[in-house]
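Two complexes are shown next, each including chain A; its partner changes from chain B in the first to chain C in the second.
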Partner chain A sequence: MQSKNRTALFPYVIWIALFVIAPIALVLYYSMLDLSGNFTLENYKNFFSAIYLKMTFTSFWYAFLITFFTLLIAYPTAYLLTKTKHKQLWLMLIIIPSWINLLLKTYAFIGIFGLYGPINAFIEVFGFDPQQILFTDFSFIFVSVYIFIPFMIIPIFNSLDKLNPSLVFAARDLGASSWTTFRRVVFPLTIDGVKSGIQVTFIPALSLFMITRLIAGNQVITLGTAIEQQFLVSQNWGMGSTIAVFLIVFMVLTMMVTGQKKKGGRV
Partner chain B sequence: MKQLVQATSAIIIVCLLLFFASRSLESAGAKGSKDTLTVYNWGEYIDPELIDAFEQETGIHVVYETFDSNEAMYTKVQQGGSSYDIAVPSEYMIETMIEDDMLIELDHSLIPNMKNIDPYFLDLPFDPGNKYSTPYFWGTVGIVYNPSMVPEDLTFESWEDLWDERLKDKVFLVDGSREVIGMGLNSLGYSLNLKDDLALREATDKLIELTPNVKAIIGDEITPLMINNEATVALTWSGQAADMMWENEELDFAVPEEGSNLWFDNFVIPKTSKNIEGAHAFINFMLDAENGAQNADYVGYSTPNAASWELMDEEVISDERFYPDVELRERLEVYENLGLKWLGKYNEYFLEFKMNLN
Partner chain C sequence: MNKLSAASKGYLVLVFIVLYAPIFYLIFYSFNSGGNMNDFESFTLEHYKAVFEDTRLLVILINTVLIALLSGLIATIIGTLGAIGIVSMKDKKLRNTFLSLNNVLIVSPDVVIGASFLILFTMIGVKLGFTSVLVSHIAFSVPIVVLMVLPKLLEMNTSLIDAARDLGATKRDVLMRVILPYIAPGIFAGFFMAITYSLDDFAVTFFVTGNGFSTLSVEIYSMARAGITLTINAISGLVFLVTVLVVIGYYFVNNRTKARMGESK
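Moving on, here comes the complex of A and B:
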C-alpha cells in the first residue's frame, strides 16, 4: 500500500523539482557568482551595506502600509458582500477589474492623478488649488491598495461565506453585543481567510517595481526596483540574485508568521 | 497507474512546450532568410512609412522590433537565438560589441550613400574608419524647461541652476544612471567617464543636495507631462526635448556650459544576420538624402546626413539647441564603455541617490 502511495507521488516530485526547486537552486547559484563568474560571497556582504538595509526596511514599511489599508477596506467589503442578495454577482464585479492589465491601470492613474486630471478638477470646484498628487507616498499607496483589494477580498469573502450563521445567532442569543460577537466569534473564525489575504498582498507588495517608477517617480525604492536594475542595467546577475534570495527568505518568514495552525491543535 | 502516466506525460508536455516557446521567442519569429530583414531599433525611432517604402522598393519583408536600452539590446543579440540583421546601438555599446566580436564588417561598396554623411560623424574613436557602423542619429543630454514657469534669471546655461532653491519639487530626471551621475560629475567640472571613487562620492553627495528639488525620476512618461505643463524642468535627451517642443511651443532646451553628453546611435550588422546583403541595402536606403530628411522630420532627433540638411527646413538645421556647432560639440563628451565593474558602481551610487529622495 505504502509503495503504491510513493509511486503516486512521482509526478508531483518531478513537477516540484523542475519548477520549484531547480529555479530556486539556480537563483542561489547565481547569487554566489561575481561579475566574471567566479565563486564569491561578496554579494551577500554588499547586501548588508547601509543602502540595501535601508531599502529592505522601506520595502517592509510600504508593504506593511499597503497590506494594512487593503485589509481595512477589504474586510468590511467582504463582510457586506456576504450580506447582499446577489453576492456572487457583486463578487464578480469586484474581481473583473483585476482582469485588466496592471500596467494599463497604472497608466490610467497617471491621467487621473494629473494636475489637469479629474480629481484636481473636482477639488477645484470647491475652491482649492490643484494639488500635485502624482509622485507622492499617497499616490503610491493608493494605487497599490487599489490593485490588491480584489486579492484580499476573495479569501476573506470565502471564509466569511463558510461561517455557519447559527454560531452568530447563538452568540447574540446568549447576550453578546454585536461588537463582541464580531470580536469573539466572527473574526477568530475567519482569521484563516485574513491570513491568506495578507499573504497574497504582503508578499507581492514587497517586490513591487513598476508602480514605484510610474506612480511614485522613484521616490519609493523597493527591493524589486533594485533587482530590476541589477539585471537590466548593471548586468550584475549575482547581486540581483542575492537580493532575490533575501526576498525569498523574507517571503518564507512571512508565510511562517501568517501560516495556518494545524487543525485540532487547540480543542 | 493510468493517472500516474497521464500526470507524468502532462509534465513532459509542459516541459516540451516551454522549451519550444522559449526557442521561438528567442528567434523572434524571424527565420532569417533572403526575403526578410529583422531590424532591431529603439522605440519611436523611425518613420514607419519608410519601412513600407523600403519593402516596396526591394521586395524584402521587414520585421521590426524595438528595445529600450542598449544593455537589453546587447543581451538579446548576444543570446544569439534571434537573427537580427540590423541593430542601432549607441557609441559605447558599439565599442563593446566590437570587442566581443559580435559585429560584421561593413562592405562600404554596398553603401554608396555613406558619402552623404557629414565627415564630422565619420571615423570616430569608437569605430575608427567606420568598419562596423554607419551614423543614424546623434544628439546631446540637456535640460528642457518651461520659461513661463521658472524664475526669469534661470536659463540653465549652467547645471547649477538646477540647484536653485526656487525649483523645489519641480525637477524631473531621466531614470538612467549614466545621465544622472554624469550630470553630477559635469556640474563639478569632472569628466562623465570618470573611474574614480572619490569623485563619484563627491558627485553623489552633490546630487543628494539636489533631492529637495527632484519631483520624480521617470522614463518616457516625462514627455506627456512636459507637453501638458504638468512638469517644469526635466533632464532629458535632445531628441525627446524636440518632440516635446514640437507639441508645446512654450518649452525651451539648453545644454549647460560645463559640459554634457554627446551621443551617436549607429547602424550595425550583428553576426546573427542571415541577410547581410539586405542589411546593407537597408542602411543605404536610410542614408539616402530624401529618406534621411523625411526620417529626421518624423523622429525629431538630429541627423548626421549632410545631404538631408539641404532638403530640411532651414530653421531646424540652424537651431543651435539641436544642431550645436562644432565648437560647442567639443565641450561635450562621448560616453566611454565603463566596463561592468564601474557600470555597477555608477548604478550603486545612483541607487543611493534615489534612496535619498524621500
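Moving on, here comes the complex of A and C:
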C-alpha cells in the first residue's frame, strides 16, 4: 500500500517543489538583487521610503473599503437568499455572473460610467451636467465591489445555510428581539463564513491591477499595480519582488487574523 | 418559514439587477449598428460576424479553450493522485504540511503567482508562450482539484477498501474499481473548477504570456485599453451564451448522477 501511494504522490510532490516552494524562494532571492544582479538590501530600504509606504497605506485603505462595502451588501443578500424558496437556484443565479470573464465585466463599466453612458444620461435627466465618473476612486471601488460580491455571498450563504434554525427559534422564544438574535446568535455562528468571505476579498483587493488600469486610469495605485509596473514596464524585477514579498507577508497576516479554528475530522 | 417582506424582496431584486445589468448592457449593445455603447441605432449582427471572420481572434479563442481543457485534464490527474496520496499519509504532521502547502497557491494573489512564475520560467529557460501559459494554468489548478477530491476521499468508509482487499482485489483493482468510482463526483467537480479558473484567469497569464501568444482575457484587456470596440460586446454575448449552456448542462448531468445514486441505494 505505502509504495503504491508514494508513486501516486510523486507528480504532486514535484508540483509542490516546482510551483509552490521554488517560486517563493525565487521571489525572496530576487528581492535582494539590484538591477545589475548584485546582492543588495537597497530594495527593502526603498520600500520603507515615503512613496512606497504611502502607496501601501492607500492600497490597504482601498482594500478595506472594498471589503467593507462588499460585506455590507453581501451579508443581507446571503441572509435573504437562505429564506427564499428554491434557494439553491437563486444562489446559482448569483454565481453565474461570477463566471463571466472578469475583463468583460470590467469593460462593461467603461461604457456604463463613460461621459455619454447611461449613468450620465440619468444624471442629465435631473438637470445636472455629465460628470467624469471613470478614473475616480468611486468607480474603482464600485467595480471592485461588484466583482467581489458573489465571492463574498457564497461562503456566508453556506454558513447561514448550515445554521440550525431551532437556535434562532430558541432565542426568540426566550425573549430576544430579532436584532439581539442576529447579533448574539446568528452572526457569531456564521462568523467563519464571513471570515472566508473577507479572505477571498481582501487579499485580491490588495493586489488588483487590471481594474485599476482600466477603470481608475492611473489615479489609484495598489500593491498589485506596482508589482506589474516593476516587472513588466520598468523591468526592475528586484523591486517588484520586494513588493511581492511584502504582499505575501500581508497575505499571511490576513490569513492569521481571519484564520479558523480547526474542527475535528480526519484532516 | 416566514415569508419575505416586501423590503427584503426589493433588496434582493435590486442586487440581482445590479449583478446582471452590466452583462445585459454589454449584450444589448453587441447588436448596435452604431459604433458605441450609448446610442442604439439599429439591430445588426455585424459584430458577431466580425468575431467569426477575424482569424486571429478565432485562433485566440481556440487557444483559450485548448489551454483550459488540457490544463484541467492534467491538473485533475495530478490533483487526484495527490489527494489520494495525502489521505493515505500516516504521519499527521506531514499530512498537515502538505495541506498547508497545497493552499498556498489558492490564497496567493494572482500578481504574486504571475510574477514568481515569470521568474521561474526565465530561470529554467522556458520560452514564454503556449507552454508557459499551459504549465502555469496546470500549476494553479492542481490545489483546487485536491480540495474538491479530498472531502470525497475522507467521507469514504475505509472498510470498503478492506473489504475489496479481503475479497482478493489487487491494489490496482481497488484504485480503479473502488476508490475512483466513489470519488468520481469530486473529480468531475475539480475538473470543472479547474476549467473555470483557467478560462477566467487574467493576471497570471498576463505575466507569462510573452509576445505572440494570447488568451481571450489578455486579448480583451489590450482591446479594452484601446477603447470601446463592439467586437468585445459580441464576445460577451457568446461567452454568456456558452456559460448558460454549460450551467444547464452541468446541472442536468449532476441531477442525473444524483438520481442514479439514489436509485442504486
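By definition in this document, the second predicted complex is superposed on the first by the 242 of 267 C-alpha atoms of A that agree within 3 Å, B and C clash if a C-alpha of one lies under 4 Å from a C-alpha of the other, contacts with A are read in each partner's own complex, and residues count from 1 in each chain.
Following the convention adopted for this analysis, contacts are C-beta pairs under 8 Å (C-beta built on N, C-alpha and C of every residue); 3 or more make two chains touch, one makes a residue touch a chain.
Keep in mind the model is a prediction, meaning the values are calculated, not measured.
By the touch criterion defined above, A:Q229 reaches chain B but does not reach chain C. If you count the residues of chain A touched by chain B and by chain C, you find the higher number for C. Within the superposed three-chain model, A:P97 lies in touch with chain C and out of touch with chain B [touch as defined at top]. Of the two partner chains, chain C is the only one that A:L247 touches; chain B does not reach it.
Once chain A of one complex is fitted onto chain A of the other, the partner contacts of A:A8 extend to both chain B and chain C. When the two structures are aligned on the shared chain, A:G114 is found in touch with chain B and with chain C.
Of the two partner chains, chain B is the only one that A:I221 touches; chain C does not reach it. Of the two partner chains placed by the overlay, only chain B lies in contact with A:K54; chain C stays clear of it. Overlaid on A, the two complexes show chain B and chain C touching the same residues of chain A, namely 8, 11-12, 15, 18, 110, 114, 116, 213-214, 232. If you check the complex, the residues on chain C that touch chain A are 1-2, 4, 8, 11-12, 15-16, 18-20, 22-23, 25-26, 29, 36-38, 77-79, 81-82, 84-89, 95-96, 98-99, 101-102, 104-105, 107-113, 115-120, 123, 139-140, 142, 146, 150, 154, 171, 175, 196, 199-200, 202-203, 206-207, 216-217, 220-221, 224-225, 228, 232, 235-236, 239-240, 243-244, 247, 251. Those residues of chain A lying in contact with chain B across their complex are 7-8, 10-12, 14-15, 18, 35, 51, 54-55, 58, 110, 114-116, 132, 134-135, 137, 213-214, 216-221, 226, 229-230, 232-236, 239. Against chain A, the residues of chain B that register as touching in their complex are 3-4, 7-8, 10-11, 15, 69, 71-72, 75, 169, 172, 175, 177, 215-219, 221, 225, 228-230, 340-341, 343-344, 347-348, 351-352, 354-355, 357-358. Those residues of chain A lying in contact with chain C across their complex are 1-2, 4-6, 8-9, 11-12, 15-16, 18-24, 26-27, 30, 73, 76-77, 80-81, 83-84, 90, 92-94, 96-97, 99-112, 114, 116-118, 121, 146, 149-150, 199, 203-204, 206-207, 209-210, 213-214, 223-224, 227-228, 231-232, 237, 240-241, 244, 247-248, 251, 255, 265-267.
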